[in-house]
Amino acid sequence: MDPTTIEFIGEKCMISIIPNFSSEPLHLIYGSVGPFRAGFPVFVPLWLATHLRKQQKCRIVPPEWMDMDILEEIKEEEKRSKFFTKMPSEHYMVVAQLVMSTAPDDVPRCEELRTVIKDIFDTREAKLRTSIDAFIKGEGTYAKLDNLTLLEIHSVRPILPWSLDHISRYQRVATASQRDTSMLGLNTTVGSSTVPGSSATPASLSNSLYTQ
Amino acid sequence: MSDTETPAELNLSTEPDLAHAVEEEEEEDDDDMEQITAQKVLEILETAWINETNAPELLQHQSDMLELMISQVSHMEEQMRDLDKNDFRAVVHSMELERIRYIMASYLRCRLQKIETFTQYIINQDAAREPDDKRLSPEEAKFAQELSQNVDEYFHKVATQYMPNQQRGEAEQRIITPNLMSHVFLKANVAVPAVIVGVDDEEVDLAPGSQHIIPYQLVADLIQTNKAQLI
Amino acid sequence: MAVNYFPHYYSIEDIFVTHEKVECKVNTKLQRMGFLDAGSETDHLEPGRTVNLPLWYIKELKVSNAYFTVCVPEIYKNVHKAVCEAETTHIELGRLHPYFYEFGRYLTPYDSNHVIGRIIFETLRQRVRYLLDISKNDVQSRSSKPEHRLDNIEANLHVAGTKTNTQYINWLQMCSNKICISQLVEEHQKKRKRADCSDDENDSHPASKRATL
């Protein structure tokens, strides 16, 4: 999942716009939006908001959290907390990025906000790296990642899951070889006890290693 | 303006239409299938798409949902034909249809890639499954069979027929299997008690909305039953 | 769909790994097998001699086979100390062995002291942070590939990591919303261009000629 796919998913978020035209409701498959009345705010999906904005058909109302005080608060909280704090939007980076690049004029103090949001992201990313380090040193292959957003997860994907795949593969081999000392030379299926569903052939050693 | 009346026509209130479509196609089907809205179908497909792109193995096919959505999309296109191409509503509707088409195409493409990579493994696994639990759709099953035959035939023609028997390698040995212990990112949809998360049988209760990184195989059943989804 | 390395029958990397030679001690006299040992003076392979055999042959034998004992390569013994002291990040793994981990994985069952399995596992575990860090700092276009420092598995992870980083930076700069020509189409266009150029070789256009090179 690259950032463009994450953006695509994040574009489903609803955002408020103030249209400069009037129209009956639109019955989209995703759900109905509208009616549109010139000058009155209405919630639409982000992809529609950016489209209409590019057509000069609306103004985007920045979400409440796109505010210096709130974001500064979040930033401090993020620095204080050992854990990942809950973000005001599941796709805060995508929303910020799209709104601020399509409609910088609709966002007061746009550049400052951009910097704070980037700071928050960087703080969280650094925290993620530190916790990964601790987690891998702790011999785990499972970890809880509450409140991380997709784009933050992306920053360690695929390198983190792939590294863990290899680590646990080698761990299985290492423990299997220790376990099998008493049966040296027997056709034991190395490590396949942890991999049910792998080809359960009466495998030779080489065969079973393929399943690792 | 010529299209002043179209809003009413464009009232693509998706629910009745879709229910109608379902009735036509699966008359004998039970009631709860008819209740499903286009919006719900889209949600199911989106989840299936994201799950599929993140899962190391092939997941259950979604032919029914795809069929419903495809007929919904063409129904929409049908209705839009009368609209001016530059009409604001026409543009928005076609943008949405493009988004939906992208999801469906990306989903099917991802499945094809898995089928092409793990052909024999998937065929073998499906052979052992009950008809209702098959992961491959009938079309995909046909594709997989043909691909497998063509590859075998090709290898035979260019190489193995010139080799002595014992050097051809066991068919079993040549099967490419996915790494089911691949680590995946998971989000719990509901509370799931006592999920085994490690080789030493360590257990964890998953809270609704909680997120985890975990070997796929330990949570494969949760994804199958929609208690959790991959992210 | 990018997939992590996972060895299988057709995997070229796996074929490379199993092509590596392993030092083995001969245990019994092997009739007319002397050709395996370049220094042999007889037609037979005598007990006590050492020969280098490819891994693909060795791995088909039982660990306790009567003919050969696998000698554990020195490289794994050499990193043992570093692993114990958790000082593995400075090791130039790629220089030690291009397939340090996978080669070690194959040899694990043959190591009666059970160190190799532990060593490859610990080494990778200790080096993941380092891999994350260098992937974060290297940008794809910059050709600072630390080849000699990384083994094959690590190099793949590094490539994946730098790709992630590049994608993210491009996205932030909104460079990624242009639809790119697919590689296949691009190749095809190049080919057609080349064909066109060779067609009209006579009216030598310097620019197009350079393109054909």
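First chain written, first letter: the chains are A, B and C, and each begins at residue 1.
Please note the rule applied: a contact is a pair of C-beta atoms (placed from the backbone, for glycine too) under 8 Å apart; a residue touches a chain by one contact, two chains touch by 3 or more.
If you're wondering where the values come from, they're calculated on a predicted model, not measured in any experiment.
Enquirer: May I ask you to sort the chain touch graph into line, ring, star, complete or other?
Expert: Looks like everything touches everything, fully connected.
Enquirer: With chain centres set to the mean of the C-alpha atoms, which chain is at the far end from chain C?
Expert: B
Enquirer: With centres defined as the mean C-alpha position, give me the chain B-chain C separation in Å.
Expert: Computed value for the inter-centroid distance: 34 Å.
Enquirer: Taking each chain's centre as the mean position of its Cα atoms, how many Å separate chain A from chain C?
Expert: Result: the chain centres lie 31 Å from each other.
Enquirer: Need the CA-centroid distance for the pair chain A / chain B, whole Å please.
Expert: 21
Enquirer: Specify, in ascending order, the residues of chain A that touch 2 or more different other chains.
Expert: Only 157, 160-162, 165, 169, 210 qualify.
Enquirer: Could you pull out the residues of chain C that touch at least 2 other chains?
Expert: Residues 4, 6, 8-9.
Enquirer: Hunt down the residues of chain B that sit against at least two other chains at once, touch-wise.
Expert: Residues 53, 173, 175, 177, 179, 182 of chain B touch two or more partner chains.
Enquirer: Taking the touch rule as given, give the residues of chain A at its contact with chain C in the complex, in rising order.
Expert: 2-4, 7, 97, 101, 129, 132-133, 136-137, 139, 151, 154-163, 165-167, 169-171, 173-178, 180-181, 184-185, 187, 190, 204-206, 209-210, 212
Enquirer: Which residues of chain C touch chain B once you look at their complex with the stated criterion?
Expert: 1, 3-4, 6, 8-10
Enquirer: Where on chain A does chain B make contact in their complex?
Expert: Within the complex, chain A touches chain B at residues 1, 8-9, 21, 23-24, 26-31, 47-48, 51, 57, 140-148, 150, 153, 157, 160-162, 164-165, 168-169, 172, 194-199, 201, 207, 210-211.
Enquirer: Would you pull the chain B residues touching chain A in the complex into a rising list?
Expert: 7, 10-14, 38-39, 42, 50, 53-54, 72-73, 76, 88-89, 91-93, 95-97, 99-100, 102, 172-173, 175, 177, 179-185, 197-199, 202, 204, 209-215, 217-218, 231
Enquirer: In the complex of these two chains, what residues of chain C are touching chain A?
Expert: 2, 4-9, 59-60, 62-65, 101, 105-106, 108-109, 111-112, 114, 117-118, 120-121, 124-125, 128-129, 131-133, 135-136, 153, 156-157, 160-161, 164-165, 167-168, 170-172, 174, 176-177
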